[in-house]
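Two complexes, one shared chain (subunit A), two partners (subunit B, subunit C).
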Partner chain A sequence: MRLFGVLGALVAALFFGSLVIGPAGLGLGESLRALVSGQGGAVVLVMQEIRLPRALLGLMTGAALGLSGAAMQGYLRNPLAEPGLIGVSASAALGAVLSLQTGVAAAFALALPLAALGGAAVAVLLILGLAGPRGGALALILAGVAISALAAALTSLVLNLSPNPFAAMEIVYWMMGSLADRSMDHVWLAAPFLVLGLVLLASLGRSLDALTLGEDAAASMGVNLARLRLVLVGGTALAVGASVSVAGAIGFVGLVVPHVLRPLVGAQPSRLLPASALGGAAVVLAADIAVRLIAPDQDLKLGVLTALIGAPFFLHLIWRLRGSEA
Partner chain B sequence: MWGFVPSSKALLLAAVLAASLSPARADAPGRVVSINLCTDQLAMMLAAPGQLVSVSHLASEVQSSSMVEEARAYPMNRGQVEQVFLMRPDLVLAGTYTQVSTVDLLRRLGVDVVQVPPATSLAEAVEQIRIVGRALGQEAKAEAIADAFAADIEAARFAGDSRTAAFYYPNGYTTGSGTLANEVLELTGFANIGADAGVTGGGILPLERLVMAGPELIVTSERYPGASRSEDILVHPALRVVQAQAGVGLTSGADWVCGTPHLMAAIAEVTAARAALEAGE
Partner chain C sequence: MTLLSLDNLTVRRGLCPVVDDVTLTVEKGEFVGLIGPNGAGKTSLLRAALGLLPHEGRSSLMALSPRQRAQAAAFLPQGREIAWPVSVEALVTLGRGVHPGAGSAEDARAVGLALDRMGLQSYRARSATALSGGEQARVLIARALAQDTPLLLADEPVAGLDPEAQLKTMEVFAELAGEGRGVVASIHDLGLAARSCTRLVLMQAGRVVADGPPRDVLSDDNLARVFGVRGFHAETPDGPVFQPMGVVR
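Showing the complex of A and B:
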């Protein structure tokens, strides 16, 4: 339980940091008063309409990525399963881009998260189908590489063909993710789907614990494997789809966070899931604070930072798996 | 086009008369191709009939060109060496930011290229007309149009206290000091928030700093067709509030892009905005 206390305090501190750090250089007391007080005034506007949505989105997308990474790794019993690496985020981005460029999202706001969710769901189903329920690391990663590449290519194609000159420049946003200049509108758009996804995934703890003993043992303990799979696909699609639709694809969070936390929870999925949600939120909030401090006027993408930390982890994992699979 | 400033019409008429009385220089280039939006428009104003062979495709795009109608009369080019060379030009008009490789290759193929720097001030805008005029051998016409333009600019100069204004474009992009747009604001009685925030040329002004500055005039841009995340900021709730609190708002169109005499239409819009602010007091 001490771990959850530490993680909770870390997330709270980073959420607070995200609220008080920004280019306007507001005073601490002044900005906090503005956050809780009522109407009017430029400071209130900055706090409630610019910084609060950014901090909330960092919290939510981070939790979604951390939790979905932990859940997929638990289900596939493979430490490399991560929404970014296996193409779920890229497919969600493709869905989001399609809904935006066809104009469906402009006509019907919910089309954006729904399309991203659809893209994510297709990718999760493809991965489960291609890699199999007990797919080896190689099959999983190869399927992920193929799905990622295809989704990224189609996203680039759609954005390049857009009549909007800014669209093609945004390929990097959809692949790397950013929380710059988001508003409460985006929070309200994503939150219902995202929270539902988090709840579904968090409910899998017991079943995933049982699954560590093998599928037969889990089934004999009363785990409905078909239902587990359905909830996993649905929960991942909801959480990752909603987060990508408003923040782009932020990679490696779902890989690094469960990997770091696993030894601390005794490799028990039911404890790893909530810990990874908190850990993911902390990583994305920290990355978002860092991009504001490193390059305040450049809109450095979040995925750049998470990949700089995550890619070496990925290499380390491959190095370790090399011995066990050879 | 410049009918809202009476003096310019008369001067332009004088320019046209002067031009018709004094034909182009004997050694003027016979076939001219322009591959830059701003030189396209200046060349269309200055060239003798038949002298200008082609303008760039941007000249016929409503978002960027003030002379879409005129541009219809010319075949368009996309600025590629192959296409331009096959038009057998004696002179190519390009911008200084036109791809270096294009300009180099054209010169190696023996084509005369005149590169016209983009106007970063009103004085440079007036000077541009003379540069293109010299290149086309249309000095007298260019001189008359430049003089009329300079006189129109001076006539628009606002005397009195400055109000605050800001440009706000997709991705939070703004134009600060050392730009033509900044001089337009100064001319018409506005102080540019972007320039005060230390932005030189173009740069990002974080939305929260715009909110804190609370300008009295906000100049934004039209949304392009299709969708982009970059333009989402133009409908951000915080920007909406700042726009509502500002006295006036404008959208900058093609007339702001180049420093041609069409800039007077932009100046007239800002002047009207300034008058609206005064009236609102």
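Showing the complex of A and C:
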């Protein structure tokens, strides 16, 4: 319980930090007053239309990535699993890339995130079709790998055929993942899907606990494995699809956060789920503050930073696993 | 009272039946040893009885909802899987998840009793995955005991245990039967089965070929026909002793 208190306080502090840190150089009191006041003016605009949506999106996407990572690892009983494994991230990215390429993204503000959500939806239909209602964990992984590979190939094709270098650059930058320049419209678009996904995934705690003993034991303890897989895939698609649609691809959070927190919750999946949601939110909020502080003028991308920190950590994880299995 | 009844249960793998038209009942107070050579269909029979395998025929457990079934029968699978380094106590407590009211005094009592029975009280706080294979097997048995069901179905519960843990586990299962529960355990060690079970069910090629008191099922004829071995029986002050002695074919 103390861990949840600490994580909650950390998320609250980082959320607050995300609100008050930025290039506009506003005073602390000034910016907080602007957040609650209804009056117009530059400061109010910065706070309500730039920083608040950015902080909210950091909170939501971080929680989505952390929670879906913990749920995916619990379901596959593998600490190397991550939410992108079922192909939702790659497909959502493909949807976004297509909207950029075709110019639909420029037609109205939410065209790109809507296209990304569409991509995620197609991936879910494909994966449920391929892995079937009776398929096991292996079928799910293989279908996910195939869908990811196909989506990545199609994304490359779009880049390949891109008529001008600027369009290609825009696509590449978008794919790096960022929370900069998002509006409250993005928040309102993503929130319903994301929250529904979080609620679905958070309901899986007891089933994932039982699954610690394997599929047969869990089924004999009353766990409906087909329903578990459906809720897992649906919840992950909603949460991760919505988060990719507004923030692009933010790698390694869903992989690393559950892994770091696992020993702190006694390795129980039901306790790891909420801890990873909080931990994911903290990591994304912290990374998003860091990109503003490290290179305020360079527009350093959030996804680049999380991958820069996450990939070496992943190597460390593999190194340790290798040692324990030898 | 009948705790389990199977009627004409058949499991097919492709066209070939791996469990072939088995009819069987298990009453309160019975400790049934399910014996037979590798591939006789013991595991498939247990899994089908619980609805974990598609089957024809009827298992009385399938008339229950999944939740009721989990409260009626605990299952100890052959594959001993512990995916995460949870504590022994947390793992054994998983067995309580099938009952309403988590964290109740009844949960604490059942977990304590299960740990006592498997001699694991001093292991409570240890990480389950850090234990030896045999110790993990005992922890998993304790989990099934903590589920506190009228019926326990165990697939090779004593395989790979040291002699003390084997005898202890068989004693615990016999105690459960003595309390009026039913236990069905597939067992390869015919000596242990003969010593502790109240009844043996002998399977061969998916069919039940003998069913009754251990001394009758382990007849010279059955042993030669099904296992291809001769056996030695003796009555001792410590109970019946059986030992396979030699290969006959």
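Points to keep in mind about this one:
Keep in mind that, in the parts below, the second predicted complex is superposed on the first by the 249 of 326 C-alpha atoms of A that agree within 3 Å, B and C clash if a C-alpha of one lies under 4 Å from a C-alpha of the other, contacts with A are read in each partner's own complex, and residues count from 1 in each chain.
We adopt the following convention: a residue touches a chain if its C-beta (ideal position, glycine included) is under 8 Å from a C-beta of that chain, and two chains touch if they have at least 3 such contacts.
Fair warning: this is a prediction, and the values are worked out from it, not measured in the lab.
Legend: residue contacts after superposition of the two complexes on their common chain; A:Pro163 is shown touching subunit B, with no touch to subunit C. After superposition on the shared chain, subunit A has more residues touched by B, the comparison being subunit B against subunit C. Contact with subunit C, but none with subunit B, is seen for A:Gln268 once the two complexes are overlaid on the shared chain.
Once chain A of one complex is fitted onto chain A of the other, the partner contacts of A:Pro192 are absent, as it touches neither subunit B nor subunit C. Once the two complexes are overlaid on the shared chain, A:Gly103 sits against subunit B while remaining clear of subunit C. Look at A:Ala42: by the touch rule set out above, it reaches subunit B but stays clear of subunit C. Those residues of subunit A whose C-beta lies close enough to touch subunit B in the complex are 22-24, 26, 42-43, 45-46, 49-51, 100-101, 103, 105-106, 162-167, 169-170, 173, 181, 183-185, 296-299. Listing the residues of subunit B that touch subunit A in their complex gives 170-172, 203-204, 206-209, 211-212, 214, 224-233, 236-238, 241-242. Contact residues of subunit A toward subunit C in the complex are 77, 206, 209-214, 216-217, 219-224, 262-263, 266-269.
Across the complex, subunit A is touched by residues 47, 50-52, 66-67, 69-70, 73-77, 79, 81-87, 90-91, 94-95, 97-98, 127, 140, 143, 147 of subunit C.
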